[in-house]
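Per-chain residue numbering starts at 1, and chain names A, B, C and D are given in the order in which the chains are listed.
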Amino acid sequence: MSISRHSSTAKYTRLDEHQHHDDEDDESIHSDGTVDELIQSDDPEHPANLIPELCRGFYTLGWVTGTGGGISLKSGNLVYLAPSGVQKERILPEHIFVLPYPQPAVVKAHTERTFLRKPKQEGLKESACTPLFWNAYELRNAGACIHTHSQHAVMATLLWKGEVFEISHQEMIKGIRIGGTGKTLSYLDTLVVPIIENTPHEEDLTESMSEMMQKYPDAAGILVRRHGLYVWGPTWQSAKTQAECLDYLFEIGVKIKLMGLPVCPAKEGGL
Amino acid sequence: MSISRHSSTAKYTRLDEHQHHDDEDDESIHSDGTVDELIQSDDPEHPANLIPELCRGFYTLGWVTGTGGGISLKSGNLVYLAPSGVQKERILPEHIFVLPYPQPAVVKAHTERTFLRKPKQEGLKESACTPLFWNAYELRNAGACIHTHSQHAVMATLLWKGEVFEISHQEMIKGIRIGGTGKTLSYLDTLVVPIIENTPHEEDLTESMSEMMQKYPDAAGILVRRHGLYVWGPTWQSAKTQAECLDYLFEIGVKIKLMGLPVCPAKEGGL
Amino acid sequence: MSISRHSSTAKYTRLDEHQHHDDEDDESIHSDGTVDELIQSDDPEHPANLIPELCRGFYTLGWVTGTGGGISLKSGNLVYLAPSGVQKERILPEHIFVLPYPQPAVVKAHTERTFLRKPKQEGLKESACTPLFWNAYELRNAGACIHTHSQHAVMATLLWKGEVFEISHQEMIKGIRIGGTGKTLSYLDTLVVPIIENTPHEEDLTESMSEMMQKYPDAAGILVRRHGLYVWGPTWQSAKTQAECLDYLFEIGVKIKLMGLPVCPAKEGGL
Amino acid sequence: MSISRHSSTAKYTRLDEHQHHDDEDDESIHSDGTVDELIQSDDPEHPANLIPELCRGFYTLGWVTGTGGGISLKSGNLVYLAPSGVQKERILPEHIFVLPYPQPAVVKAHTERTFLRKPKQEGLKESACTPLFWNAYELRNAGACIHTHSQHAVMATLLWKGEVFEISHQEMIKGIRIGGTGKTLSYLDTLVVPIIENTPHEEDLTESMSEMMQKYPDAAGILVRRHGLYVWGPTWQSAKTQAECLDYLFEIGVKIKLMGLPVCPAKEGGL
């Protein structure tokens, strides 16, 4: 993918409060203050380069097909977001939104979300998942949050009709962190992923997701029935590997259940 | 993929009516009038570059295996088509047919289809899907039309034995547009995709597809029993993402039905 | 993949009978007579370049995993073969065997197979499929023959316990040629693929495959129970696309049968 | 993938016993004694280049998702290992550990594992699979050992509830070597893969794996229930192709069993 390097001429006066960074290594804001430098970097691990690359990988996994799903990264007091309703496997760095953090997750009446950078391409709107990513940043101090429409996640929410998906005695459980950002689970732990009911508008999931994250402080992710998964981690690496572990566990859990074998053998019998 | 840039020496006198373009940005016809300039461009989003690229992607999705399926794009009053019966993942820009639009979808006795450009390679014939693509252009004013042989589509037509495939309460429904080119559906809407019966010759589907599109004006695509899917959109991006959403919904609908769970839970019970 | 271009210094005196080519376009034998020129070419469609490229594609389809399966091409009176027991997705042009054609399919006592070129790398032996590829060249005048270990093919041979796999009323049937090299089937035709029983040694399949090809002159391929598929065509393109169509039909046939629906609806009822 | 070539300035005094190599071709230790030369090479088949490349391939096969699984190579008296808990598809040569061989598989109290090279990146620890790879090196004189978390392997351990997975009458059995490093099996042989019970800590599998390898000297790999597979070979090529054959056989064995057909037809009836 070609990453545009030509310097932006548009200037942007940033609020002072956003010029102080916690993260000393963050090179995304240069002294000349041009906005597009927020998303221009030769570093393949810069959030504006990582989001497109990771989304291409997620597309091949079937997680972000049909413009669904995505990823947001937080670096210092900057949050990076993809646009809503675009092909996730074709995002370019110049499509990335950059927002100051903290700010309210949900926009109140007569106010607007604050941005440090918006893509110049007309018609692009920030991802509808924004307030849900914010839940991960606010309630878990996450550094990255991934949303998938994986069919394994959706199938799990159809076969587990209650408030949680549960699985035990699978090696891949060891790849999941307590609360998504703490210590990793042990093989002896039962993985519990809460499920919330879907709503017509993505942002209307914000409150029920937040409530479920507080009710299940050890949960590393939240399933949305008939919709997909939200999962986070302290870093993008951790969010991604936990997403892979959860997706694996949803897939194998569905298979085990459909075969009529116990998914939680200590509880159901079968060990 | 290497895209041939060497200039064609063959000249083509185009009809005047085709020299006026609606789309000001269209750079495919240059003033010197050489025909191959219709398919030569450095722009990766030029239809003659996009069709090969998209077909390679569709091949990895299992949509155009064994020469089946394909895509047609319309830009201004030009329609771009791949040849019939060739490996869709190996198409090159020089294999693309360019046709003036409008012209009759079905060729009448003693007449021929009109072309602005035919590939020089002998034996290539325009896709047998041409009149079906035309249905999307004429009845829905589409800018792109995709045809897949996806097994998920075919399986859906075997398990839904009536005139329509129906599914509700799936997030991915929100990726589908009313009629394929209108506003997107809501999560509360039931997706209805009409199914027509297959015929020995692809072009013989033209009339039944057209009738079904008029009977179901909100349909974003037409399933062909034991065959595949036709889906369209105002742009190639929209046609592609709707094709992905429909394919996802056929796949998960088949899985849900085979598990014995309700695919339309409001209607069948199970919400 | 890098294709070695450095000229070989080894000389090879070819029999006169092999210096005459039917195919005027064949550039693989240059006048200086160096053997490696048989497999050195800048043309990506040269057999020694195509075999590695196609095998990489077949690997991603699951057809040649674990060194199984492969492809042989015939160009004029030359046959190109991959070695036995090597990773098919990592073959290089210099690994290719080149054989004169015609010669006996099966090596008789006290004689040896004749080669125009053997790879220099020690321990490489020509594919054990060689006499089976020869069946396609001799009995069907094929230009290419593909062997897969696709699980779809193997599953079909387990669920169809008799002498043939049969399927009808699937669009993909139209991609198959009568006898593998003749006219394409119609949608109204029933596809019949004979099944032979596996043997401990691959070459011991030669006779039963030959007999079945003669018993079913319209068959485009031969299934080997608990093993895989042989399929051929007049050209590599046709062999590959027929392999894709057959694999699709085995896969969907197995799915339909496992769902309890009719695979040949005219015969079984269900249309 | 870019492979770092810049010379390391860190010096490392290696024990004399590790400076003698069995393998004359090994170019990984240069005379200047810089440690990073152990993992710097232009040869794509150098272990430090191969491990990253192979892991990327394993990731696309679903074998090493979520940081699980991996591969270790032995060349002469050097063992190459990836770090624990990292994304296997993103390993770089500079992340590779190099260990002298032989040394004890399990570290005794008050001692440490001996390394010739550790990655400079902080926080990286050698793979927790290290003593299990050692089993393959010590008990089978293997040159490579692969660990997968493939769902096909895990499903096989759930459906085969006893001490072994067994399958017969499948062509792919011929790709497996007796004991993993001996002669290949015949089509008439029954493949037997022992299954050990999982433990909370990977290293605690060392003894039961070792015992099972001695109890089943012909076994080419060891399944770990609810976890995955260990498989080895004399070379990386053999370990990889045997891993592919086993994975294929687990997958098709599970499918056959779920269909209610015999997986070992001579024993169960059904031939």
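To be clear about the criterion, contacts are C-beta pairs under 8 Å (C-beta built on N, C-alpha and C of every residue); 3 or more make two chains touch, one makes a residue touch a chain.
If you're wondering where the values come from, they're calculated on a predicted model, not measured in any experiment.
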Cα superposition of subunit A on its sequence copy subunit D - rotation in ° rounded to nearest 5: 90
Taking each chain's C-alpha mean as its centre, the one farthest from subunit B: D
Self-contact between copies subunit B and subunit C, residue sets same or different by half: different
Centre-of-Cα separation between subunit D and subunit C, whole angstrom: 33
Intercentroid distance (Cα basis), subunit D paired with subunit B, Å: 46
Full enumeration of touching chain pairs: A-B, A-D, B-C, C-D
Subunit D contact footprint on subunit A (complex, rising order): 169-172, 175, 186-188, 237, 240-242, 244-245, 247-248, 251-252, 255-256, 259, 261
Residue ranges of subunit B in contact with subunit C within the complex: 65-68, 86-87, 149, 151, 154-155, 158-159, 198-200, 224, 226-228, 258
